[in-house]
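Please go over the structures that come below.
In what follows, chain A forms one complex with chain B and a second complex with chain C.
What follows is the complex of A and B.
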């Protein structure tokens, strides 16, 4: 254990004297949790320390990472998007159906992305201009998208298009290890989102709305544009995640991704983003997804534990993080 | 309309006076049937702090909102540097160089100081925000104002006072000609106020015209050069602060000649109470930034009147007595049982009732009936498991509608359809039904018609005669004097005087309120 988790004395001194700004604490906690889980797993189970496990984690959770990115935008404004799981299912269905009908894969991709973006736009407009609770507006979106999926086909449709299957199985080699394109797309999404949030006026307005919407309005920021914008982004990300999921599972099915929106929300919260908005980072959401992923991996490595333990541990973690955040963000008197 | 209308009593303007940067002439604003502003004129000069003075409802905030483009002006002219302007929105006013900082800090707590100062106009390079340049610019502005804050720190790590200064820094960063500070000091302590004043003085030296609204007379006398006094939506006078004593100012704000007031005032205590052990004793009761340590004793059947201007701490004291806010210091004993009142529930259990000054937000439930509104407190104190029997309900409601002459005398009428006076009577009934021993009334007669006012006053006197102890708070001194056996005078969040109400006149109270001048320490002016 000493080799993995306890650094040398001088490094420890530096760690001890360094105090990170409070706003980074939740994200550091998540990072530490991930490293800790990975370390503990590495000691208990042979083969877990193989870097390929880490890469597989990215590959297996690529769609959830993208979903988490979109969700982060929404939650940062203080909103919520419950529709994303259904939009993922709808996206797999549209992709499978259009490919089955002989569409070009590119056209199919455009159709999927356009549908998700449009759904996001509609929900955003409802939320901002009709002042409907995000919870209700996106709950309606959840049912609508799921229903549309059944409308297209009640049966599962498998994806056999050679271009697509080729892309799904193609690997990018890094020395002895490999990743798939889906993981690269997911990481690129995280990078772009991190840039947008940190370095553009749009991104800063997202945080400002989460901090205090009325103030943001009085400061003359583009509140309407931004509020609708985050749901458009979330819709787009859900569609993109749907495409990645299609590549992962190679079928369109109305029963795909049921409850995945909750996984995404859990990942975002475990990643340190405050549900009340205004605080959090997409990198945190990436770490949140990885934490959820490593729990799954650990349980499958163990072999003796049933898969429902994933749910139980996720629940406990979620609760612990929300409670810790509550204390960390409590206003000093 | 080129001729400047000089209101009666204004000292004539010396010829050498500089041009006002903003002149508002004969501004009138009407809401429905109410004339919120009636031909009010204000002149703001560069390099001056201009205080807007007046009691509640005098029209200060309406005037500010007219100047900042929030309200449209019905009649009158606004000129900036001699040019006529009409603002259609707050953004238009801002573009013309008028910046406003409200009492409630309108910034976002989760972003850094620099971001808060520059949100929406961040310096950019190749399309992305140049954080380094942003921090540099923020630091320069802060340094210039003498505010010692690291622009990279997150806003809510700082106390309200610093946040207030950052809000000012944001306002100044847009090259404001006029800076409006609406009650900026209401939640600051003395040191913090001093910091704010340092910044204000610096801006004044640079020629910014500052509008300052505050209920603290000492602060006005410390920082302001000129003041405009409003009353009931009308202009009373424009004065130089140095030429006006505090007594004069208070008189101008409250209005009416003191001699007339002296005659009006009966100053007759209602009962001869005040013996035995007190029912309620507060020793050193206080709360940070709200109320300095205050002693108070309340005897059975006694009416204690609390007099003071708005913001003097009178409401704050009432809230502490009721447990609506918790006290940081001091002790409160009810029937000599020392208790820390942690919540209104505790207070209700100790038979204390409190009718809040904010009738709309903290009293009336508009969508419930008169009967439901009346029985709310009783039901709450009984708990939800013990409903009030139908017969008792009907009897209580009927009795109180009659006793207080509530109109319409219909228990099923919706509360929101009642007039203010009748709503107030229902609220009084709500607390009386709980059979309290101590009744705290905060502004029970504000904004209600004369008839209802007299009825409520009579009822309070009658209840006290029956042995109820009452704490009576009102902005109307005549009313307080008429009803109280004992008088507590408050100012600047502390009790400055307490006396038995025998032959105390309105003039006496005004002198007590205005009396504590700090002219000896006042180096300015």
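What follows is the complex of A and C.
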């Protein structure tokens, strides 16, 4: 054995000199923001450090997490989907109406998911095959879904089906704490989406299109399939989020989820996904939703701040992240 | 392409043909459903009737769409107009309530001036983000769209604020020369803007920036200043629209005032033939587009459908207009008609 000339770095050295890869920086920033907000809240308000608060955060934002997942796919290709809020409203309405008509819950779930997916497919086809800007095509989707919701019923319909209400309130216990099924579905969606984006051909094509659509096309990637596919996924996720929202709120109403698309977009941006496409992770969007959620929780714990501060703070966060993104990408063109 | 010479050819090729025709068809549908629809009568020195209601109700969308037209001409978009309208209304109403003499003309004028100035500042903020920081317009204005309603609620303290000032409510329900004041304000703004952009080089410069900001900058156009100006102008228009809406109900509800007006405005602009890709704009088209939307809103209850369903019709209009403007769809149609498939792929119309 010859003497080792290169000194091996000690474990501490490796920890000390560790720098996370640049691409994870936005996510780490969001995670730090979340931990920071949680920490500050934990110091200021008693009871916030209860693990149940964290689990409730997941339960209360399950639908937004799923929406964020769908929106992440679309934004990664450089598009945008404005229709998701309306599709959520339409989903709650279809679910409530079909259950009210006596359909089996399973059939009604299938109907909701099929409608959302179909709407996404239509928008994707318009965007890809007719070169209509994503913004305007999904604007049409927004109007269409909201109009269909009103067409089904102008009044609110409550959900009373025992199977569904049972599902809505059923809890999974983890020791002393509990989560609802909706939160588990949301986390499962995140896991599946993360796998698809990181490990499948479809997922890698999504990033390639966001990076540069023309080069993706020239590389022979399936641009058409993928580009339509992300809108189908977003439509499906919006319908799924609509189902989770129905379970959360137990009614169908055409006034539900107004402006929810803004929350979803904000969560994705705060989660570090680049709005021009090509860079970002679904886990970031999950963290983005949790940041928005913890702000809501902090404001409700505080009690003196009015709820409209949520919107103002969301706007400020959005501004901060967009400006930072702008300068971060300017350096590395 | 040979210059069209005969009158028929000129009419057929005029870019306003389709919007005007669509408006006409819509009015025709109304007349068929209810023959007395077009009746206009004189009462107390004012004109009354469905047509007058339509032009009056078109004012807010027309104002917002006017600002939006110029923004879109620079290849931008302004999503924050609804929130800005809500802020304008909140500012004006709280100023009126806070003033010593709530019903005075001076109070109304001061409050409205103050609100409009605030809106110009907000528009300039959007312009700053877009032109100086170089953020995509859709994202830059999204920030104010998210935060704006919160700000508006902070101004009104989350309450629905009701005001009692006859001069202020005249802005929406008053009549001048037998016509609704709100409509005259909107038309006045459109004419003023048309003069400013088409009788000076400003319109051409705006279009140049929309076609290629970098090239126009190199050619000596102050692209940054122009972009900044159009967003500030859009803020001004949105503010005026917010005042008209608030004056109509004499109150401000920060949550619902001007909700989705940005979408209506974009729709009006698109119907009017202004391309979302920027580079050209038609103020006359926007004028017709805004009238079309107001007429559509009136048509749906008139033919016996719940008025909420008009979102469905708007969706159909958006898709139809976009397909008509889409080069690919046009190419597809042309192939069908002439049977020469060689032109199919992406032949620009």
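Basically, the second predicted complex is superposed on the first by the 315 of 333 C-alpha atoms of A that agree within 3 Å, B and C clash if a C-alpha of one lies under 4 Å from a C-alpha of the other, contacts with A are read in each partner's own complex, and residues count from 1 in each chain.
Just so it is clear, contacts are C-beta pairs under 8 Å (C-beta built on N, C-alpha and C of every residue); 3 or more make two chains touch, one makes a residue touch a chain.
Given the structure is predicted, the values throughout are model-derived calculations rather than measurements.
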| item | value |
| --- | --- |
| Dominant toucher of chain A (residue count), chain B or chain C | C |
| Chain B versus chain C as contact partner of A:137, first or second or both or neither | second |
| Chain B versus chain C as contact partner of A:211, first or second or both or neither | first |
| Touching partner for A:262 - first (chain B), second (chain C), both, neither | second |
| Which superposed partner A:80 touches (first chain B, second chain C, both, neither) | second |
| First (chain B), second (chain C), both or neither touched by A:21 | first |
| Partner chain(s) touched by A:110 [first = chain B, second = chain C, both, neither] | neither |
| Touched partner set for A:316, first chain B, second chain C, both or neither | second |
| Chain C-contacting residues of chain A that also contact chain B | none |
| For the chain B and chain A complex, residues of the former touching the latter | 90-91, 94, 106-111, 115, 119-120, 122, 124, 127-129, 131, 154, 156-157, 170 |
| Sites on chain A touched by chain C in the complex | 80, 126, 129-133, 135-137, 139-144, 146-148, 150-151, 154, 254, 258, 262, 265-266, 269, 275-276, 306-312, 314-316, 318-319, 322-323, 326, 330 |
| Sites on chain A touched by chain B in the complex | 21-23, 195, 198-201, 204-205, 207-208, 210-212, 214-216, 218-221, 278-279, 331 |
| Chain C - residues contacting chain A, complex | 77, 133-136, 138-140, 142-151, 153-154, 157-158, 254, 259, 263, 266, 270, 276, 306, 308-316, 318-319, 322-323, 326-329 |
